[in-house]
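One structure coming up, written as structure tokens, with questions to follow.
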Amino acid sequence: MTSTVLSPQPPASWRHYFSFSTDAKVIGIQYIVVAFFFFLVAGLLAMIIRGELLTPAADLVDRTVYNGLYTMHGTIMLFLFIFPVLNGLNNLLIPTMIGAPDMAFPRLNAAAFWMVPIFGILLIASFFVPSGPATSGWWSYPPVSLQNPLGQLISGEFLWVLAVALSGISSILGAVNFVTTILRMRAPGMGFFRMPVFCWTALAAQSLQLIGLPALTGGAVMLLMDLTLGTSFYRPEGGGDPVLYQHFFWFYSHPAVYVIILPVFGIFSELFPVYSRKPLFGYVYVALASFIIVALGLIVWVHHMFPSGVAQWMRNLFMVTTMLIAVPTGVKVFAWLGTMWRGKIRLTTPMLFCIGGLFNFVFAGITGVMLATVPVDIHVSNTYFVVGHFHYVIYGAAVMGIFAAIYHWFPKFTGRMPYEGLGKLHFVLTFLGANLNFLPMHPLGLMGMPRRVSSYDPEFAFWNVLASLGAFLLGVSIIPFLLNMISSWARGPRATHNPWNAIGLEWLLPSPPPEDNFGEHVPTVISPPYGYGKNEPLVEHQAEIERALTLAEANR
Amino acid sequence: MTTTPLPPANPSATHEGGHHANHNLTGFIIFLCSESVIFLAFFSGYAILRGSALNWLPPGVEGLEWRMPLLNTIVLVSSSLTMVAAEHFKAKEKLGLFRAFWLLTMAMGAYFLYGQAVEWGGLKFGLTSGTFGATFYLLTGFHGLHVATGVLLMGLMLVKSFIPGNYNGGEEGVKATSLFWHFVDVIWIILFALLYVWRT
Amino acid sequence: MSSSSPDRRLGGVSLIALAVWIGLVVAISIWMAGQAQHWLPVQASNAAPLVDGLFRFETGVGTFVFLGVISVMAWTMLVHRAEKYDESDAEPIEGNTRLEVIWTVIPLVLVMAIAWYAIQVNTELGVLGPMEHIHPLNAQEERGGYPTDRLPPEQVDVIARQWSWEFGYPGRNVSSTELHLELDRPVTFRLVSEDVLHGFYIPAFRLKQDVIPGRAIDFTLTPTRLGRYRLRDSQFSGTWFAANQADVVVESAEEHASWLKQGAAAPLQSGLSPAANEYAERQTAGRSGWPTVVPAPPPQVNVPGSSSLPHDA
């Protein structure tokens, strides 16, 4: 037997990443890079939005332009950044964490990825059609989203619905792949309760995609028919009901936020143990809480519709179910604290992003509980209070968790170490920028400033200026991140197979791993995950595997 | 260069042949579960619009003719039975009978589509005849699309059945197609009840 | 294999320090709850004290939870750091079932308590449909309640358009683009939209209701403070959504009666519609932008009112 299977591969040629590769690790990088490209596009739109909101009057861009900007900012951030980047992490991490050679359906995997740049182009193209892009927010509520002043078929709204439908199909195909892979391709000895939490949360999140997305697709199909064929599903004058759309939309879009945050919970659960040198506190409860969140997450959607005209009993019911989600979420938050407690904490870049993300998440959770209570929600819904809340979750927690994951697993998948100094600078700028940008939105909402406005009354100016300064700081914060990624990948120090001394199957592979990961030689898992301080091997023959890896690294 | 012993190749970890074929069926079942939600969404939309409508039927329309659709339903439901028969013969390796019943199922599916088209042609309301028309054509159209897909998949499986050694790797294709067909059938039964049986 | 070691119980000094810290956190939380009132607009309706009370309570509880969690995080970051060259693992503490139960049950009880309180408030608000006058017991109530409690609510028709608000007083033959209400008198709004979804939102009143085309929604409240407030469209309604705002004037019964009387006698004229003005400018200046729905012409009303006077909230 040769040792070539365990030797680090030379990093794949850059051409690889532009091809129709079926290797999950290539697809993962493709997802992540494409996602960050769109992150920059949508981020630029945000800079213009915050530029407009520096002053009360609508004096920077025309109001139609502003409405297109905020609509596309939200749409691109969700469908072209956050879902793809998380799918990218799934592609990199799921097969390697469970010891599989690839995903269950490699070609389907590639097809699902390539749909992303396609609907991305559709959305960008909508800026160039005569009617301009969609301007009714990422929710696209009818009847306003059905108003088509030019009357042309290829309108921005048409392209928007098409893009969202394609995004849904891509995500469903991805979900089928991820779920099948996790259910059927785990290494020998890896029962469910020996599986890393990241795989638990991925399973939970992808289940939500499978259950929720078709409802959105159905609602969107009806919207498209109203837009193009003259039907009246949502048009009151034809007997339709605009609120029906809201139900379809939110039946998916609420679980969608758990699709976003669950993988981040998974990331925190993976990283806190490594950088505290301690097992994850209450691993089983953390794993199971993911599915309680799935179940509850499917029965809260009407909390987005409290002022809509839904019955009082509905408001009370959905308030109660929404409040309940705080419980399994709290179990996880306390578990991470319990992991840190009496650990040996190292404040590396990934750990800083996790801690900062947790800090922001707790704050967002509290404003979330406020939003869950109907009387308060009636006052602050559709105001900047909500915008502040969800940006705290998405940027403050989810994006910071994603950065943590990127810094943590960068060595594994690129074979290079990222620069720690630039990483810490990125963290500081991000943490300050996010808090400065999104905290002022809460008093704005409480004072009664609606969201999605291109102009506002003068009394709102002070907090808006602060928020805009924070936004510009966030814009700047991306620079050290991009510099780090590019220069580290090109010429950073070579990484060993386990630079963080972490426990997990992916750390028993070379950095970067060969195309088929463990191939035929999948180790058998013999202990639960996160065994820090227990001095037991994770797999059979662990010592030989480590020795072979170290030897190969010494020889290169 | 010294070689160090690696963990032995794990036979249960092979990623060719049997394992992958199994995954296809798993993946397809998961996909079907997800697909059922979009039908559920359309069903609930229909139920809500109909339940809250003041005047459900458009002017000039008294209701839906149910006799022809009932015949279509009987044909479609029976086609699930012929499909079960086909799979039964396949399990017994009687490929000739398998193909015969499979073709019969396809024919019944095609008849259903024909019947649907005839019904559509004879209707006095269109897609834009209020929510009644919109939901009717959406539900029957989307379902019809699935019937057509099912017939095509069956055709594909029929052609493949002539390839020697086709079933050596397993028969997930046939299983998946038959699952899909039964699914389409169940959806139709619910649809029929919602559209034709539910009287205001 | 999984409980924390029993010989690390807190010593006397640590216990006192912890108690002091908890006391401090409680004090800060109570203080924050008080501060929360300043973040809200003035209370101008009978709904406002109820909503604000709930919000202050949530702020207090939320501050306590936030500071509690953050102080644990800060403490471990300071005290449980790895020594500089120590790469070894920490104690393999895998969990503690008792702790799991505690931190499941306590949050569950807490959120259910908040939910229960919120349901009480919600019931009192009863925003959809006529609102019952269930005022919280207070001095005013004891003196015989609000003077106009036994008056029937004033009826006001509200027509939301792209992009203006029109208010009608049926039976009084007055229409306006400035909403006038009588202090301490219940008012029932009948909300209709002529085109798309709008949101009827008066922050000073703490109430908001989406206006849904194809439906008429009844919505009752009682203004309790004199002043001028803002009504803002809160459900995105197109190009001039942000400009779709109007003023709300709460005045005494006498002033209200006289305003209505004068209004009935005034001829119809163009009401306020900033959108219509901006659209006209946009057309003449030939400014670029994407195609837009044309604003509805300004409503023809008896009393246009003003949109540029200073407002209280």
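A, B and C label the chains in the order they appear, each numbered from 1.
Everything below uses one rule, namely that a residue touches a chain if its C-beta (ideal position, glycine included) is under 8 Å from a C-beta of that chain, and two chains touch if they have at least 3 such contacts.
Model, not experiment: these values are computed from the prediction.
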item: Arrangement of touching chains [line / ring / star / complete / other]; value: line
item: Farthest chain (mean CA position) relative to subunit A; value: B
item: Chain centre separation in whole Å, for subunit C relative to subunit A (CA means); value: 30
item: Centre distance in Å when subunit A and subunit B are each reduced to the mean of their C-alpha atoms; value: 34
item: Computed distance of Cα centres, subunit C from subunit B, in Å; value: 49
item: Shared interface positions of subunit A, touching two or more other chains; value: 241
item: Footprint of subunit C on subunit A - complex, ascending; value: 58, 61-65, 67-68, 130-133, 135-137, 141, 143-144, 147, 149-150, 156, 236-237, 241-243, 276-285, 307-309, 311-312, 315-316, 319-320, 323-324, 326-327, 330-331, 333-334, 337-338, 340-347, 355, 358-359, 362-363, 366-367, 369-370, 372-376, 378-379, 381-383, 442-443, 446-448, 450, 452-457, 501, 530-534
item: Subunit A-touching residues of subunit C, taken from the complex the two chains share; value: 4, 39-41, 47, 50-51, 54-55, 58-59, 62, 65-66, 69-70, 72-73, 76-77, 80-83, 86-96, 99-100, 103-104, 107-108, 111-112, 114-115, 118-119, 121-122, 125-128, 195-197, 199, 201, 203-204, 206-210, 212-215, 217, 230, 232-243, 245, 278, 282, 287-294, 311, 313
item: Contact footprint of subunit B on subunit A as seen in their complex; value: 1-3, 5-6, 99-102, 104-105, 108, 172, 175-177, 179-180, 183-185, 187-188, 210-215, 217-219, 221-222, 225, 229-233, 238-241, 244, 247-248, 251, 516, 518, 520-524, 539-541, 544-545, 547-548, 551, 555
item: Footprint of subunit A on subunit B - complex, ascending; value: 1-10, 12-15, 19-20, 22-24, 26-27, 30-31, 33-38, 40-42, 45, 48-49, 52-53, 55, 127-128, 130-135, 138
